[in-house]
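In this document, chain identifiers A, B, C, D, E, F, G, H, I, J, K, L, M and N correspond to the written order of the chains, with residue numbering beginning at 1 in each.
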């Protein structure tokens, strides 16, 4: 049963820590973009493009974590083995 | 029973840590937006647009965490197995 | 009984950590807004609008945590199962 | 009995951590407001308004924590179940 | 007996951590106020007013913690139940 | 006996942590005051007044902690109950 | 069974911590790129190229972690041995 | 015996942590004072006065900690009770 | 079996922590490169060269960690001995 | 015997942590003094005086810790009681 | 068996922590080099030389860690003794 | 035997932590001195004097720690009592 | 056997932590050197000399750690005694 | 045997932590020296002298730690007593 408890922890905290870092990273990027638009509104198109590419890159990191969390929750490759061990 | 206890922890702390980081990230972004509006009120429309796109990106990170927390609380894929193990 | 103890922890600390981060984030945003008003009082309307949108976004993060804490305290989906396990 | 001990911890530390973060956040906001008044005393009314709105938003976060702490202390939804379990 | 020990911890450390954060927050605010008075002595009245409002808001956070600590020490709602459990 | 040990910890560390934070906060305030006096000696009266009000506010936080530590050491409300429990 | 639990932890937290750091690193890089575009829109092509090369380098670090997490989850080289040991 | 061990810890570490924070705080204050004297030697009297008042305030925080440590070491209110409990 | 569990931890966390630091380091380097290109587009070739040499040096650090993680997972020199010990 | 072990820890680490903080604090003060002398050599007498007063104040904090460590090592008020308890 | 588990930890985490710090250090150095090239492209040869010498010094630190990790994994001086002890 | 183990820890780590902090503090002071000499070589005598006084003050803190470590190692006041207790 | 496990830890982590700090320290020094060369290429000889002396000093610190790690691994003075104790 | 294990830890980690802090401190000092030489090459002799004196002071701190580590490893004053205790 300990196994399932740690799955919960890994999925819940993992997702949280991943969001923490990528959230800060995105915050830094958006901060720069907003300041850029305020200083140079004429270049807002290019700024937005650059920002979106960057945010997508960071978002991909968060999605890796999300994928791992989903695998742990719904496609856990060890469930069968654990049930077998516990069922003995 | 330990399993359910750790579910609580994973959901409660996970959501909290996720909000911590994304809250700071959003704070950085809003800070820049507000400063931008104060310096260049004429560009406030573009600034607000840029900020909203960015905040939505960060919000999506928090929502990943929220989704994971909700899955842990209400659609926990391991509850049946844990009950079966404990019921033995 | 351990289960209920950890519920308390998850709700109490979770809410606290969530408030910590979002409080700092809001503090950053308000700081910028207040500075903006001091520098450019004529744009205080726009600044206030931008700040309120941003604070609402951050507040939503804190409310996610609050919702999770309330679910843990009052709509805990595992209480029945835990009582059943303990009642055996 | 462990349950009641952890209730104490959750209420006492939760409130403390929540106050820590929101206290820092308010400190940042007030710092900006005071600097703003010193630089531009003529706009002190608007600055004070902006600051008060912001502080109220942050205060609301601290109050969420206070509410959770009070629920844990005085309207704890699990007390009956814990007494029942222990009374067995 | 563990319960009473943790009450001590919750009250003592809770109050301490709460004072830590609010002390830092007040320090930031006072720093800004003192700098403001030094730069613009003529506005010292308004600066003091703003500072006092802000400090009162932060002080309220510390008082929440104090209230929780006092409740834990002198109006502890669980003492009867704990004595009953231990008395069994 | 564990109870008395934790009382020591709560009083000793609580007071220490409280002094840590408020000491830093006061340091920030005094730093600003001293810089202010150096830049604008003519306003040293007002600066000193502002600083003293602020330091008194921070000192009050440290005194809350001191009060809690003294209560834990000399007016501990749980001593009787603990002795009774241990005396059984 | 402990083995499978720690696999979960290693995969979930490992991915999360890796994303945290690389997310911050990418945030720094994007921040600089966006500021650069805002200051010098004419060089946005070169800036974007530089940024993409850099982000790809950082992304490779995150992918190392992802690869390790996938190996732990799906191509775990020790599963057979652990099953053999537990099956004894 | 555990009780006396924790007394040592509380006194030794408490004093140390308290000195850490107040030492840093005093360092900040002295730093500002020395810089002030270097910039404006003519105001060194007023600067010294301000600094001494501030340092005295911070010193008082360290003395609170010292008092608590001395009480724990030499006027420990629980020694009798602990000896009685252990003597049983 | 504990041995295999700790292998997982060492590989998963080790890779993650290594990526964290090198990710931050690369972020700093790329940040400077992108700013450089924005300020001086004419030197972008030299800047890119310098950046690539530096990133390669940092990448080598991450690859050391990757190599160690791979050795732990696939060329673990202690597996035979551990199996022998456990097989006794 | 645990008691004497913790005495060692309290004295050794306490002194170390106290020196850490006060060392940093003194470093800040000396840094400012040296900078001041470099900028304004003519005021080096006053600067040195101010610095020495400040360093003496910080040194006093370190001496409090030293006193507590010496009391723990050589004038430990609980040694007799601990020997008595252990001698039983 | 615990011995081999800790070897894994020492090698995996040791390498990771070493890469973390040296990665950050190299990042700082490269950052300065890239900025230098952007400001003064004519001196890029000298800058690159200086940077390479510095990076080699830092790399040597990482290689010390790598050497220690390799010794732990492949030339562990205690393996024989541990096998002997366990074989008893 | 635990007692001697903790003595080692107290001496080794205590000295290390003390050196950490005082090393940083001295680094700050020397940094300022070197900068001062570079800016104003004519005052290098006075700067060096000031620096040496300051470093001696910080060194004294490290020497307190060294003294405590030496006492723990070579003039440990509790060795006899511990041997007596263990010899029973 | 625990003894050998902790030797691994002490050597592996010790080397890693030592490299972390000295790596950062060298990074700071190299950063300054590279910036110096970029600003004043004519003085690159003197700058390089100064840097090399400094790096050698820092390298010596890392070598102390390396020496200690090597002693622990290959010239461990306690191996005989431990084998004797375990061989009993 | 635990005693010898902790000796390893104290020597290995102690040396590492001591090098960490002093390495950072030296890094700060060298950084300033290198910058100074770059700005004012004519004063490089005096700068180098100042730097060397400072580095020697910091080095002495690291040497204290080294001495303590060597005492723990090769002149451990407690080895006889521990062997005697274990030999009983």
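Basically, a residue touches a chain if its C-beta (ideal position, glycine included) is under 8 Å from a C-beta of that chain, and two chains touch if they have at least 3 such contacts.
It should be emphasised that the depicted structure is a prediction, and the values quoted were computed from it without experimental measurement.
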Co-neighbours of chain G and chain M resolve to none
Chain-centre distance (mean CA atoms) for chain E and chain G, in whole Å, is 41
Cα centre of chain E to Cα centre of chain F, whole Å, reads 10
Here the gap between chain B and chain E, centre to centre from mean Cα coordinates and rounded to Å, is 28
Listed in rising order, chain L residues that touch 2 or more other chains are 2, 5-7, 9, 11, 13, 15-17, 20-22, 24-29, 31-33, 35, 37, 39, 47, 51, 55, 62, 69, 86
Among line, ring, star, complete and other, the chain contact graph is ring
Check: ring from chain M, direction chain N, yields M, N, L, J, H, F, E, D, C, B, A, G, I, K
Touching chain K in the complex, chain M uses residues 1-2, 4-9, 11-13, 15-17, 19-35, 37-39, 41, 44, 47-48, 51-52, 55, 59, 62, 66, 69, 73-74, 79, 83, 86
